[in-house]
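Presented sequentially are two complexes of chain A, the first with chain B as partner and the second with chain C.
Here is the complex of A and B:
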């Protein structure tokens, strides 16, 4: 094995590779959730978007032969679920959290129902770029093989941050998310802005699903997602509703998840399950370290139903 | 539409000196549930007029202007802008017709900076915003304004007076043709109010602007307005020129028959021991700066200590430290000699009560009912619990009925949600809660913010009565007249420090003015 040649250097390298590979779905879902929450709604249903996105991406990729069409299909189904969420929430006295949970179960159910025939066949995968091709080491090459979708996510995060800070639409989303009262006084259509943000957020989450089925792990089955969609929602809180921090948080989370396997590859097998808990322990520690009892979470949109 | 223009109400002929009215409302009606808030209200704003709209708390003033702006949909009635009927469905439409409004309850986005808030109200908002340019432009515009606000602070961290200034700046920058102001001066110092209203008045003179202003301050009405409308319980009882009206006559129009609290005289109180002792207190503001710096106060029972100052000089943080909303960095607060940290238990023990500014945010739970809000201090005390561990809703309601009646909160429905009350009535409700029972130490910040003159007289009477009974009162206010009337000692707060202190009887007004401006 070449792993022996790299020795301990293999550990950070494997973590980096893992961070990118496992972090990409987190990244897309958390960016989508970040956008939705910035508009004042929580969409807990993004796990459903993720699973349904994974299924539809795989199916369309298999049927059409083009993985990129699959990605679009995943985004499309995500948008549909987002639209459903927005529509249900536009009625008075409907709670967005409850609707989200219902839609999560709905999305997963629909995915399992239509996904049965696609568990066996192999669909074309998304391409990856080999940033490590210069190296002779297989380990380096494996770690630096980076999927195009991740690069797109890498660009989306600052773009979303820029959008929220510097554009008319971004300001509208933040206003609506922060104070309904102010938005109404300015004459912004509160429900429509929220709907648009939820639909766009649904799109991103769906694309995250396409990464799961079309790249890593790279197949469609019913155990594909292990709650990444839900964890990503928590990541948004951790990232204090800032897109760039969503990126760091996703990488951190993905990387921490790769800690156990990486250590195993250099022969440390003790405490394997303990290391698998690393992402959660890390989150708790960071949360505790960055919280202040003196004030409320800074950056939290004032209209979220959990703040009110 | 001309046939409608002649619909009669007293004095309209004298008021309309110019050919067409800038704004006209005809037969506006609005109902909230069973409550008829506006009942066939018609009025006219002459071109270039400075028109005051008066009325007691809950008379429907805010509702009226919100209907005009399209914030609420009126049940019936039409609005004409420059003689053309306008379908104003939301405030954005109103902006398009040249209307602008400063709301009574702040409509700033708390998580955004002042700069972002100001840009947000620009019309149209540029699709892509160049912050550097916007900032330069606004900073330049701010130079010409009677006051300035730091552009980089988050709106949510500003004190009430500063928020009000931002709201005003928003509209001053937009330069609407018709400007509606809902109690714009309630937390400004009289000087600031005068320079603001003076500036607006000048603009109306050249007919570039028409102003409709809601205020409870007769002085401002007499000094600046040239026409006035009076609402009483949703009905328009007068609309016409100001000439010939006296404050007394206007007050009578507003209240009808309701009697007004008589002022209580300051009684001689024998010197009592020091009750509140603040020793070299440092308090940080939300963004970490030192807002209160080495501040020391000794307050005896039976005296009112007044703190004057322009809003944003640390008064808010000082009051928050005393009311337990903020932890001081250094220094000590002692009450009756023992340390005080602002817990609920200590407040009950020392009989400390608070009337903070922006009561809707600082002293109430907007989504709870009036009865529940009134019981916030007492719900777990003997007499309000069942078997010690359970809330006794019946006792709460009985208490609420009694307090609502005594402090004339309108409408008198204990089950109503608090956030549907008018601004002044929220204030009354907090007063009712805080002043009921025995008070020995009272912290009040702008207690008359938004109250009509009858309620203002009532609050001042209550404060004076508390003092006469031997309570210690710390009164933080932007209203110098109020401070001079009520306090025994007066101080000026500037940038976190007390820069002036004197017995009110010996106080020098000019020095106070200078110290407030930082000289």
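Here is the complex of A and C:
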């Protein structure tokens, strides 16, 4: 094994590889959540989108033989759940946080219900590009094998940032998210803008699910998601509602999750599960450091129910 | 005035029941589309949840932790907080109870050991959600996100303790803490075959209802929930109310965890995070955050989940069917919130016409 020669150098390398691999689902879900929250709604149901997306991607990829069709199917189911969320929340007095939890339960239920037959068979996976092929070390190659979906996410983050900051539609989303009254005075269709943002966000979250089942870990089962969809909500807070920061935060969270296994590979096994908690503790500490009871978080959309 | 009150009472019964029926209708249509006979499935659900003494025991043993985790969401809701940390508080409570029962009190008399377990679990759960309340009031951190993060931290902590420092070397396949010993387990209520945890859960629901709906403390909490600024102007200690309410909420979920350990599992292990915390959120919203309504709601939800096995055996439905139904019920109940306050105007318009 050439890889063992890396010794301690294997740790940062494994963390980098893990950050990209484990960070991709975070990236897609957090970009989706970011867009939704920018429009003034919080969708806690993206965990449901993620799990249902993972299941439908795997099923469609298995049945059609094309993983990219699977990705589209995942996005499609995500959009449907997003549409349902947007429709329910458009009624007065309906709480968006609670609807999100309900849709999370519902999405996971649907995914498990229809997913039973797909636990065994092997579906075609998404392709990966070997950026580390120049190296003789197996560890370097493994760490730098990057999935195309990550690259798409890498492009989506600045694109979404640009969209929100520089386009007419982006301005509309931000206005609707910051003040319902102002948006109505300007004649913006508040509920429709929010619905569009929720549906688009649902699409992105579904695609994140496709990455889980079609690349890493790369199979469909009921324990596939360990709450990435819920963590992404915290991640958006961490990223202060900026798509580029969502990218960095996703890599950070992915890397923090990879810390335990990476240390285990060099013989440090104690506290494996404690390292699993690293991303959550990190979010909590950052929120504790930046929040105060006198003012709300900077950058938070004014209409968001968590600010009230 | 004597017309308005009945309309409200009517609404608070009619709307949840119609929402529940609508959910069953939607689920029935879904089943029919898949080629199942919905009526037969519903019949099996009733039979699997409430059809026999065995089914009732199964239902009641699921309902007890649900009542307690529902309180974990329902009590902070009186303050206008949305706490979804029941799962974490349950886990923390269960692990603390196992520690108290298995390590510290192994030579004590049974009732002392049981009391120690329940108190340790309750206190730990209370402190856990109390911290969420503290962070909310004194640091301004949103309680929904904090309590969510706390769930994952609690589960990670449990996995660490159960596989590491507190692991019983004898537990091979399923890492657990040391068993509390059969002598120190919480027994069954005479004649019912259901453990005493159910009685504790029922009692706590009643106490919470009384405290939060009938006392000045509860009144103060609800004022603070309705308008924190007005509450502060009236001299109410909003921070203290938040801390106490969140402590009670967490204590309820922690009690659920210690009951799971003391009456069912016998030790703390990964089975503690079985989703009671998340189902409790559903129960609380179904009960419209009313601690007394939590009791029947928990019974219905417990019955539905107890029937999963029968649905699988006699209709070949995956056990996720129950999860789906719960999701649909949750969705229709939440959507029905929009109907409140519309019955009275509707009645008035009919009378005028």
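Rule of thumb we're sticking to: the second predicted complex is superposed on the first by the 299 of 308 C-alpha atoms of A that agree within 3 Å, B and C clash if a C-alpha of one lies under 4 Å from a C-alpha of the other, contacts with A are read in each partner's own complex, and residues count from 1 in each chain.
The rule is simple: a contact is a pair of C-beta atoms (placed from the backbone, for glycine too) under 8 Å apart; a residue touches a chain by one contact, two chains touch by 3 or more.
Since the structure is predicted, the reported quantities are computational estimates derived from the model, not experimental observations.
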item	value
Partner chain in contact with A:63 - chain B first, chain C second, else both or neither	neither
Touching partner for A:11 - first (chain B), second (chain C), both, neither	neither
Dominant contact partner of chain A by residue count, chain C or chain B	C
Touched partner set for A:148, first chain B, second chain C, both or neither	neither
Partner chain in contact with A:266 - chain B first, chain C second, else both or neither	neither
Partner chain(s) touched by A:299 [first = chain B, second = chain C, both, neither]	first
Which superposed partner A:233 touches (first chain B, second chain C, both, neither)	second
Common ground on chain A, meaning residues reached by chain C in one complex and by chain B in the other	294-295
Complex contacts: residues of chain A adjacent to chain C	44, 84, 88, 91-95, 97-99, 101-103, 105-113, 115-116, 227, 230-231, 233-234, 237, 270-274, 276-277, 280-281, 283-284, 287-288, 291-296, 306
Contact footprint of chain B on chain A as seen in their complex	166-169, 171-172, 174-175, 178-179, 181-182, 184-188, 294-295, 299-302, 308
Touching residues on chain B, where the partner in the complex is chain A	70-71, 90-95, 101, 103, 105, 107-112, 116, 119-121, 124-129, 131, 286, 326-327, 367
Complex interface listing, chain C residues touching chain A	82, 84, 135, 137-142, 144-146, 148-149, 152-153, 156-157, 159-160, 163-164, 278, 281-282, 285, 318-328, 330-331, 334-335, 337-338, 340
